[in-house]
Amino acid sequence: LRQGFPEVIFGAGKSAGQVERIMASLAAKGNNILVTRLDEAKALAVKEAFPSAMWHADARCLTLEQRPIEKRGLGTVLVLSAGTSDLPVAAEALVTLRMLGNEASHLYDVGVAGIHRLLARRDVLFSARVLIVVAGMEGALPSVVGGLVDRPVIAVPTSVGYGASFGGIAALLGMLNSCAAGVTVVNIDNGFGAAVAASKINRE
Amino acid sequence: LRQGFPEVIFGAGKSAGQVERIMASLAAKGNNILVTRLDEAKALAVKEAFPSAMWHADARCLTLEQRPIEKRGLGTVLVLSAGTSDLPVAAEALVTLRMLGNEASHLYDVGVAGIHRLLARRDVLFSARVLIVVAGMEGALPSVVGGLVDRPVIAVPTSVGYGASFGGIAALLGMLNSCAAGVTVVNIDNGFGAAVAASKINRE
Amino acid sequence: LRQGFPEVIFGAGKSAGQVERIMASLAAKGNNILVTRLDEAKALAVKEAFPSAMWHADARCLTLEQRPIEKRGLGTVLVLSAGTSDLPVAAEALVTLRMLGNEASHLYDVGVAGIHRLLARRDVLFSARVLIVVAGMEGALPSVVGGLVDRPVIAVPTSVGYGASFGGIAALLGMLNSCAAGVTVVNIDNGFGAAVAASKINRE
Amino acid sequence: LRQGFPEVIFGAGKSAGQVERIMASLAAKGNNILVTRLDEAKALAVKEAFPSAMWHADARCLTLEQRPIEKRGLGTVLVLSAGTSDLPVAAEALVTLRMLGNEASHLYDVGVAGIHRLLARRDVLFSARVLIVVAGMEGALPSVVGGLVDRPVIAVPTSVGYGASFGGIAALLGMLNSCAAGVTVVNIDNGFGAAVAASKINRE
Amino acid sequence: LRQGFPEVIFGAGKSAGQVERIMASLAAKGNNILVTRLDEAKALAVKEAFPSAMWHADARCLTLEQRPIEKRGLGTVLVLSAGTSDLPVAAEALVTLRMLGNEASHLYDVGVAGIHRLLARRDVLFSARVLIVVAGMEGALPSVVGGLVDRPVIAVPTSVGYGASFGGIAALLGMLNSCAAGVTVVNIDNGFGAAVAASKINRE
Amino acid sequence: LRQGFPEVIFGAGKSAGQVERIMASLAAKGNNILVTRLDEAKALAVKEAFPSAMWHADARCLTLEQRPIEKRGLGTVLVLSAGTSDLPVAAEALVTLRMLGNEASHLYDVGVAGIHRLLARRDVLFSARVLIVVAGMEGALPSVVGGLVDRPVIAVPTSVGYGASFGGIAALLGMLNSCAAGVTVVNIDNGFGAAVAASKINRE
Amino acid sequence: LRQGFPEVIFGAGKSAGQVERIMASLAAKGNNILVTRLDEAKALAVKEAFPSAMWHADARCLTLEQRPIEKRGLGTVLVLSAGTSDLPVAAEALVTLRMLGNEASHLYDVGVAGIHRLLARRDVLFSARVLIVVAGMEGALPSVVGGLVDRPVIAVPTSVGYGASFGGIAALLGMLNSCAAGVTVVNIDNGFGAAVAASKINRE
Amino acid sequence: LRQGFPEVIFGAGKSAGQVERIMASLAAKGNNILVTRLDEAKALAVKEAFPSAMWHADARCLTLEQRPIEKRGLGTVLVLSAGTSDLPVAAEALVTLRMLGNEASHLYDVGVAGIHRLLARRDVLFSARVLIVVAGMEGALPSVVGGLVDRPVIAVPTSVGYGASFGGIAALLGMLNSCAAGVTVVNIDNGFGAAVAASKINRE
């Protein structure tokens, strides 16, 4: 993540004070900043010190834009998700994509058990340059999408589910075994990592 | 598995001699007989003692029909499968269904990564009374099928795959976490068990 | 889950406000509504907005009946459970079965370590058209029941137990390996899914 | 395993020559000898050197009795097993029990899916002082037996099964989670260990 | 657990009110009562209704003795434990043993990394009729004890530890693989079950 | 995998005869063909029917080029591997990349325990457009490479190793947890899938 | 841990009162004392009784030095760590090393995804006699370090991470499979154990 | 593994021809060579090309000494093992230790279930500078040894066992959780790695 790019802080396990101190030192250099995995209480505390920072509640991300974000992508990155519980991971990917200078859009509520809703939006699928597919439970969505499009598909398993979903293992295994060749996978709930990968692909 | 039904022998781990002796004692009572999980060499040996037995190579099953099979099902049981490697499990289900007195048919090569092939056969899906969906790798097919039909869907994970498919665990977990409510699941590669369950559902 | 059927909301991970908003929009269409996995505090908050909704504390379900439920089942669905800790899962199945238009009854305290209590109720077992068997710990009850009846048996493992029960894995594996052919299995604690499957079987 | 007791050789992974050499040195001291986990080819080779040794094919054990076995048990140890594939493990337990000076008997084909066959033999169950219950697949038999008798029950999971039986893990977990209090468990396929434990219990 | 024996209530997951109601109905029949897995707050609430009940804080057990406990054991059951964190499980075993009419004693702080402390108490080991060995972490103590004594040894793995102890799995596997033949094992933290098994062995 | 692209046959579990028949029908349409996971004996048998097919022994792949392969990539895809045992997976990726119209090159013997060998080839790393990193054992190479380059990195865990490598699980988990953001992962040993993904990225 | 050495108390799961009582009895003998895994609230309570005790907040350790610590090491033990979340484990190792009489120093923020930061400090690496490498996520740092130095390397996996890091399992497996021969491993988060091992190596 | 040291070839998965070619190129430089994990047939083939090479059948290692091995250790490295099946791993460690210039000795048949045999050899334990403890099954030996000596202890789990030993996982987990502080662990069956680590510790 080099120059022109935002500095990224992984918020989980850090106190508001720690986040604030790291932000202060990075902000002093004029950088844009992205904080992920922050909870609301900490975010509001941090915002008092950085009033121009933006809090993305659905994505649990805080962003500080000190310079205009340079558009660097060749096309649009499309983020797909199925259930409402997958939304925070999809949102983390979207915020990250935009901070990295990509056009990004979102197609949601397109699970495999209602396949017609997905097929009805084939136009959107076909107009994307890179696709990020977020899915929990059986993690089947990337296989269907990967069979429909020719573009790179990055699959993000989520920890959504209960019982034999084992905190995202079922979805992770489903995606690694996708019968649609060429699907690649990131860690459970790692919307940020998927966005970084998509961003590298989307640059000329 | 009571009267009017075939006697069933689980062939795995039994010698041809053992299978032959058990068959002889059951055949003496006039029963129909189904032997599952038999390999070809043993099957041919056993067939010498029972020349009227039929060998179903694709299903690794041997059947002996001493009486006409009473038709007892209310409708058709449809078996779906995706890859060619799932065929033996699907075939085991089909042979079992027929020995248990069901109309049964097969729709194959309908994987989730080529969803149009499945959608093109919606008529067949809708005409079945019970559906058995056989799938390996990510095991996503039952979710898609379960979202299309209103009838009972029984999912059979197969041990097909490599690496993180872990001998069928990935498919099994996918099916247990299906987002299509009402899908039920049997053990990995258990085409026989799925057929017995479907048969109980198909009877009035 | 199509017309004539209730709309279903998965309550886990949703705030009372979110549940209320979704219910409002579904209720406006005149539908019956079933909310599962709701905790008591949220349920009471939601009930203030929908005073005619019913709270099923044992099942952690909230139901709203705006139209009479059409009876669609051919027979009775029997729910069996062993320990008291399995009761919430059994209750979720029972509420769902009734919302889906089935006659449903419950036989409890019939664990495998006191087999006579189960055998004493063979009449009830034999009069059911479909059976849902809820069990935690070693998950052995479906095998015994499956050996006694000829009807479809759906097994629901529960997360009850400690140590090597691994949150329901022991029960799940026990059920998948049932030596009673034709037992099918749903996800751990998934009383709702078992009821949907039973309901599809119970319809003509 | 002290004086008066047989010397025990674990045959797995040893060559016929190695077994023969160890037997020769032990036999020279006049001891009785039990070799477990031996395959037929090796056993026959070893028998040439020790013509009075007995080969128990079903148990894969070789025994050499140089002195009369002193009867030391207070009662009978009963070994129960369900499927035919559990027989070798049950047989290993029986041979070991007898070499250790116990009265031992065997009740087989009494699986949980045919509970009446077990209940029909309650007399045999009640007359045993210690019970060893051998079961694969879902491993449910010890729970049922443990609920019927008051005597110590030792459960032996077997590696019999396929798919989600995971080489005996399903049965092992089932037994560890038995709802019949007081069932204890040994390693998968360890008929020998169960017999040693039962023998210690059976001695005054 | 038949007549002359206490009634047992598994306290985990039950409210103080539920425990109280069950106790009341059992106490009315004059039985002795043992409640396990109770936390202090609930125990104190329950004790208000049953002032003669005794609270065993270290064992998290509540007992109510309405009749004298009949001594039924042939000898002493010895409970061994290593670390201080294993004490609650050992205490649960001790309370259960006494409620079941056994002489029971306790040897603690005898871990395998200080083997001399164990060896210094060989006299105590040799005077026991049955031994219960409680150990967490690597669960090695039962192997050492089983190699020293000839009496039945029941091993109880505990969930004590961190990291790769996996909540008791490491200890459980260690015990199942004990190289001391004849050690049997119960579920993780199951001091109660070990005591019931020991009690059955200890009776003539 | 659409027009202009080779047809792909997964050779594992297919007989030489089956591969030959599928190839014949695909070849009749004038397509290029790639067969993966073929063993040498079958490959030689198939080559008799298709003398112009090429056998890539290191990659266990057979290719048939009936038309010139259209160059479609924008840059070079670099395949890196560490140990000699990772070579077959790297070779499968290379053959696939070339059949899909990419410039591809290979950098080998660059494991993390000899980091200077990797750093000495920074020029090669920096000149690639997409990188595929093949590694077994601890699977650390993608993290180091991902920290050095800005381009998309696809990680392929291999089943190389023993003991706690668990057939590639250690490497797989290492790659999913890579601290170098933007690394994506495919199934264990899936050189083919990595090449398909890289090929989609490499196209304009 | 014999004479001249501090007494060590494992603080996890002990109340402030328990820690205080154990400390009092050990302190009476004039020993130095190290308490690990203590949380801040308990530490402050204990410090009131032992005002001269020192609280190491980053290491969650409390130390009491009643006698000067005898320097016993032959050289320096270097502790390396990558991410900020690995710091508490590194700090536990450092405090332990010093209490055991070693010179110890710390090199941090040297993760594998920024390999130049590590290489820039080769002088520090080469001057150490023993190295402890603390790393979470993919746990790759010990392989790189082990390839650079000739001295003993002890690897400590940490539970840092999410999703497929499985509480440190990914890092643990990575380290056990290190391709740098001679790396040894301790339990997840076990900075204390690594320091004890390093200390034994560092003594003449 | 730098100058003065042997070159090491990992023989597993290499053909005799491959091993021979690598040996030839290394031998040309005058190096000593150690080949591990070689099977007998290949070893004999290789020995024809290198008649002065020595075959260590018990260790499955081939060594070629072209120069005298420089003694570099400060003391003796003691290898302990319990069962006869652990001998090959112990032997691999011994051969490696000697090729690396260490005095090495072996104490065998000292399992934890016969603790007196170990205690009878305390003199040998106390005279070693570094100890390698090889154990399968429950892997308890390192804890006992680590409690007796003050020197560094390296534990090697072996894949010996069956059932719940899971190919060495039980022993591995036991060792990682050793209650004897300061025990470090290497991969399952990795006698070579333990010897390299011990050798680094044994050098001044």
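Just so it is clear, A, B, C, D, E, F, G and H label the chains in written order, and each chain counts residues from 1 on its own.
Keep in mind that, in the parts below, a contact is a pair of C-beta atoms (placed from the backbone, for glycine too) under 8 Å apart; a residue touches a chain by one contact, two chains touch by 3 or more.
It should be emphasised that the depicted structure is a prediction, and the values quoted were computed from it without experimental measurement.
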Quote the value, from 0 to 180 degrees and to the nearest 5, of the angle by which the CA atoms of chain B must be rotated to coincide with those of chain F.
-> 90
Distance-wise, how many Å sit between the C-alpha centres of chain A and chain E, to the nearest whole number?
-> 50
Rounded to the nearest whole Å, what is the centre-to-centre distance of chain C and chain H, using the mean of the C-alpha atoms as each centre?
-> 57
Chain G-chain H separation of Cα centroids, rounded to whole Å | 27
Listing for chain E: what residues touch at least two other chains?
-> 163-165, 169, 172, 176-177, 187-188
Mind giving me all the chain pairs that touch?
-> A-B, A-C, A-F, A-G, B-C, B-D, B-F, C-D, C-E, D-E, D-H, E-G, E-H, F-G, F-H, G-H
Within the complex, chain A is touched by chain C residues 12-14, 157, 159, 167-169, 172, 187-190
Hey, which residues of chain G end up touching chain H in the complex?
-> 1-2, 8, 150-152, 154, 172, 176-177, 181-187, 192-194, 196-197, 199-201
Sites on chain H touched by chain D in the complex | 84-85, 162-165
The chain E residues in contact with chain H across the complex are 82-83, 111-115, 119, 137-140, 143-144, 146-148, 161, 163-166, 169-171, 173-180
